[in-house]
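Below, subunit A partners subunit B and then partners subunit C, in two separate complexes.
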Partner chain A sequence: MGGLTTLSGFEYVAPTDLTAAATALRDAGGRACVLAGGTDILVQLREGMRSADLVIDVKKIPELLQLEYAPDSGLCLGAATPCYQIYTTADVVNAYPALVDATRIIGGWQIQSRASVGGNLCNSSPAADSIPPLLVHQAVCHLAGPEGRRSIPVSDFCTAPGKNSLQPGELLATLTLPPQPANAGSAYQRFIPRNEMDIAVASAASWIELDDSRNAIKSARIALGAVAPTPVLAEEASQFLVGKAPTEENFSEAGVLARQVASPIDDMRGTVEFRVHLAGVLTQRTLALAHQRVQDS
Partner chain B sequence: MTKKTHVTTTINGEETEFLCEPRQSLLEVLREVLDLTGSKEGCNNGNCGACTVLLDGLPVDSCLVLAVETEGAEITTIEGIAQQGHLHPLQQCFLEGAALQCGICTPGFIVGAKALLDRNPDPTEEEIRFNLAGNLCRCTGYDKIVRSIQEAADRLQSAT
Partner chain C sequence: MNTPVPGSQYKVIGTRPIRHDGMDKVTGKAKYGADVKFSKMLYGRVLRSPHAHARIVSIDTSEAESHPGVFAVITTSDMPDLVDKMADLGEGVVNMAHLGDNVLAREKVLYKGQAVAAVAASDVHVAAEAIAKIKVEYEPLPAVTWVLDAMREDAPLLHDNVFTDDMGKKSDKPSNVDKEIHFLKGDAEEGFAAADVVVEREFKTATVHQGYIEPHVATADWNEDGNLTVWTSTQGSFACRAQVAEILQIPISKVKVVPCEIGGGFGGKITVYLQPVAALLSKKSGRPVQLTMQRDEVFEGTGPTPGSFMRVKLGATKEGKLTAGEAWIAFDAGAFPGGPIGPACMCVFSCYDFEHAKVDGYNVVLNKPKTQAYRAPGSTHAALACETVLDELAEKLEIDPLELRLKNAATEGTRRVDGPVYPRIGCVEVLQAAQASDHWNSPLEGPNRGRGVALGFWFNCGLKSSASAHVNPDGTVTLTEGSTDIGGSRASIAMQLAETLGITAEEVHPQVVDTDSVGYTDVTGGSRVTFATGLAAYKVGLDIEGQMTSRAAELWDCSPENVRVESGVYSHNGDSLTFAELAEKLHATGEAVVGRATVAPDGATNGFGAHLVDVEVDPDTGKTTILRYTVIQDAGKAIHPSYVEGQMQGGAVQGIGWALNEEYFFDDQGQMKNASFLDYRIPTFLDVPMIDTIIVEVPNPDHPYGVRGVGETPIVPPPAAIAIAIHNAVGVRMTELPMSPPKLWKAISDQS
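Our next item is the complex of A and B:
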């Protein structure tokens, strides 16, 4: 073996202050990139898909490593908090099971020790596993730029494959997920040709809230991944379930409706027809699993 | 050429200082600067796990870590798994169970398995396979690796 395939040269900074990081990012005028867990960006830099003169490591900024949960205020998740830390935190496992399902299947353990949900979102792949769960849990993105802060719903974050609404110099600081009502549950599943370590051909996240009798659905949200230029909410399918009984039949009907928002591409991973079919099946299955989780709680 | 950065870490229990360029991965520095060639390069993109080391106790692919990021960190490589000249039970069981052929994947499997057994001393076959899904082996077909890890788990448990 010769030498390792190396990265081309860049400077490295690891600011401890968010505004300093944003200012450095803006001042580099497009020649800088943010490093969280590095599991996307280091691969992209090495393979020449991206290039940079400056790498800004955000893992020394305390706010970006937060993992704060309280039943009445919900979850505040630092953008750089690694997946491993998320799925080993019992409160998060109980309150946001769909998000936890995703963090357990992003790569293998070595990837999960480093990969963050913030990085997964900012990479903005249509197949990113954490985004459908963030959509059904109505996450809010808190952004910080050199001039100040703003917050946007996660449904407004991704704009096209690999593109998002971060402005020059802007960073994702935290994600907040609202507290969970009683009788709510969620789930995320994807289809991949192997058992683990692959990119989703299609995926779905479902969230349901039952009424106190647990015989009727009070509200529901369904989101699909890898079947459109960005992960998408299936509004009509979600609305259909309101007031209905949580039965296999209704979940199956919701699956059929969810397929309408799928506008996938044909590629080596799957055909259009197959992906649309998967969107329906995964919707049905994640609804059933979310329901099961409410029953078990 | 970019200026070199001075980094201080603890590697296999010993305080270690090195100079590196920001673009150098931890794997490159281990192998080419520190002469710790036990960690292997299989893919250099996070898929194979041959370069697995423990970074502050957690398994990571050292090809996807910049060496400059490890300032102040604790790193364990395959060279730090044997203790006082004695092979770790995982190493002994891999040898006895013929869990390797070419051996490129072995350091990564042993380091990954050590992390697993540290947290879960009695994993099921499924737990072993799921937790080591980030380690690829193109020679053995995995069964002997899984059995050797189970055997090592048994020995470690009966020793305590």
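Our next item is the complex of A and C:
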């Protein structure tokens, strides 16, 4: 209801190790929330979309602030590592361009210096910019709970709008992205009516790996955002490209196939028809850009 | 006496001094409404209707009243009974019951977001908690939010006491159509019979908001002696005073309104919302009370500009001479009668000179917020329809669109469809400047790119303004005026006084004061302030100059007629004193020099503007990018060119937002789904290029410096110009605003 926004009082803790954080989370029995950059949580608390008696700040836990990259082991990203560190690290920019595309357009500079990819994932919005890139780069989520740790593929993480497979007391510790093979490239694009300050009407990330001749696609992955209850992989479209030449015609055909996994809603950001159409357009465009990036590398 | 002649060389006018309020604004020291703080001040919150249309069965405030930290709870029962009260608030007679209902709903709520009750508490969070404890029982009623639906016989009736006013005649049964307008000039049928080509199209526009960045805010302190002071963000402190006094049924002299700095208004900060509510909360609690809106309250609880349906038909001969025009326009007024249907009907054909015209207008109440003025109210809608149809005529006739406009442009002596005959206007000069512009003469190349041109008109008014000034011993002049400064008017008014006195702009210290401290001054609106308050400042200057001349004559023991005044230097027979030297002698030689003036200039100052725009459309997404934009406008005389350019650019940007993305998005329950700046998309800096400006100066004969109003005209042409540019880029005629990506993509894909 209009004008009733208020921020109720809550307790604040900032543990320095994961176990303490997980214990605090479990002990609060669903009345706690985890604070990384806070760019979603604080807005939700203030606007009454969420309430909490306890806010657990995880930015004092060193493991959650790491950004480690090696060509043979890939990227290990702390759940609270802010976005700007991703696009200012040259090796990451070269290896995971789709993720870099996303982190460059989440909010403005101020937001990017606070907001984290982990937070974006845990907020689990269907329109989250960083999730399609995580999907095509096959990220793995490393979760910590009072009973220990477990790892799940990012494709199993989101379950519904705002919902995910974190269990009570469990929090996201790190994300790992596997190392990139030669001749691979990726890209992420979203459609927004303005050029800033907007949420994706539809989005797509594409990843392709070419063979050594660079005349044929060895492997491909396409993921869509804002066109289903969760970001989704377009498996059939991805498979279609395997063995094909990296041409505009094939990218266009993949776009048509990708539209099949789109099941969007009508709302103030776009119609069903428009979003399904955009899913195809953005698939085609991100494939072409990913291909261009391989050619340029 | 140095009576200035338009066209002569000015010393101050036309220069670009730093604005007097600039330092405070860039350093954050300027006092806006929400900066007002008093000890023991309470903070309020307003409870708003969740329904678009419902009867209020009961309101129970008992739990809220006993909530710790709450000092006062009010509902409409705390307001005087305003039934059958009419009042003239300066812009025609207003039904006070409607105005009161819009401040706090009485029997029914007529739109989602309408205020129902309010709380004052120790802090804003306590007030929010208390608001949630007010129990309102509603009986929901069917709602209607589209203008043509609301006109139907079987539509839900909003008011049983609103009757159609058809050019003065009242209907016998209540209706959602509160007003009909019919203008006739010549014989339209005859005119269309003489045409070789006729084009007719229908248009729809969405409800859009002014989008001022500063939300509404009011602080009230109702003293035990019955004196009420209101500090607020308003376009008109006197208009605010009159409304508050009438709603509260107290003498106008008991109310003092202190205008704070204002973070945008564009017509939306004339009507009161929070001010009477804050006053009642203050009366009940015995403390000062501040109320501030959140952004969703601004969208849902204050007045946007109407959504509309329009049909326009134009006919022309093979040679491109317009023979006739016909317009049928329906505007939604929002929940209560009133709105800009009149100006829309007057403006629709106002740029052109043709013999036969027929215009029919309908104003319709429905379940949306009560509409308010928005920058050239009604003219932007009308221009979209008229200019788009005219462009299609040009296309069919294979005549250059600027040529076609020039062939038919209104000039001195042209009679508008609603009657008035134009004095000297700059319509032709504006079109010629557009034709000569670098933009028009630069080729536009590349696929999916197109150029559009459209013309726009706004009346610009005079109304009433007062000002006074006193001369300081150091040769400066303190200027006191009542026009709240939205667009740099302190500077442009001070510059006119400086020019008149032959001193510098910096030597005038302008201040905007409260309603007890200056004579009556109408709202900052109608693009009138630089014209009318500027005229008052000019007359203050003449008054001061006369007094200074007399004092010089006393010093030199001569007759005042023999004192020569030129560029601020007073001289006689070899003696000479500058304005500052003479000012220094005033205290030692007699009384202080205080000038005063109050004006009510007749008529309009008629502004015309042409806009050129280049766009590129992405046919796969329907997204339009503005590549280049030029505003050409007749300012009469640009007092401070930077602020004239700023108005031209600001109007264009607002018009671009209206054209491309802005809209109230309602669900089928009449609920607005996008009441935030995230999903109500005004343009960001990344969405517009630098807007180029060309100021045309055809002096207004009714102003000593030739000033015409400039603030509103620049919002009129953009949607039309962009629609035309889109047509030239991708071949589709967009007749619905906004031309947002989903709609444009659909139109493009339906075409192919």
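The rule is short, and it goes like this: the second predicted complex is superposed on the first by the 291 of 297 C-alpha atoms of A that agree within 3 Å, B and C clash if a C-alpha of one lies under 4 Å from a C-alpha of the other, contacts with A are read in each partner's own complex, and residues count from 1 in each chain.
Note that a contact is a pair of C-beta atoms (placed from the backbone, for glycine too) under 8 Å apart; a residue touches a chain by one contact, two chains touch by 3 or more.
From a predicted model like this one, the values you see are computed outputs, not experimental measurements.
When the two complexes are overlaid on their common chain A, residue A:Ala160 makes contact with neither subunit B nor subunit C. In the superposition on chain A, contact of A:Ile111 is made with subunit B only, not with subunit C. Within the superposed three-chain model, A:Ala70 lies out of touch with both subunit B and subunit C [touch as defined at top].
By the touch criterion defined above, A:Ala182 reaches neither subunit B nor subunit C.
Contacts of A:Val55 after superposition: subunit B is touched, whereas subunit C is not reached. Of the two partner chains placed around the shared chain by superposition, neither subunit B nor subunit C is touched by A:Ala245.
Subunit A residues in contact with subunit B (one complex) as well as with subunit C (other complex) are 1, 3-8, 195-197.
Of all the residues in subunit B, the ones that touch subunit A in their complex are 1-2, 5, 21-25, 27-28, 31-32, 41, 44-47, 49, 52, 55, 58-61, 63-66, 68-69, 112, 115-116, 130-135.
Per the touch definition, subunit C reaches subunit A in the complex via residues 45-46, 48, 50, 113, 124-125, 128-129, 131-132, 293-294, 296-297, 300-301, 620-623, 660-661, 665, 673-675, 677-679, 681, 683-684, 686-687, 740-742, 745-746, 749. By the touch criterion stated above, subunit A contacts subunit B in their complex at residues 1, 3-12, 14, 35, 38-39, 42-43, 46-47, 55, 57, 59, 84, 107-111, 113-114, 195-197.
The part of subunit A that touches subunit C in the complex is made up of residues 1-8, 191, 193-199, 201, 267-271, 273-274, 277-278, 281.
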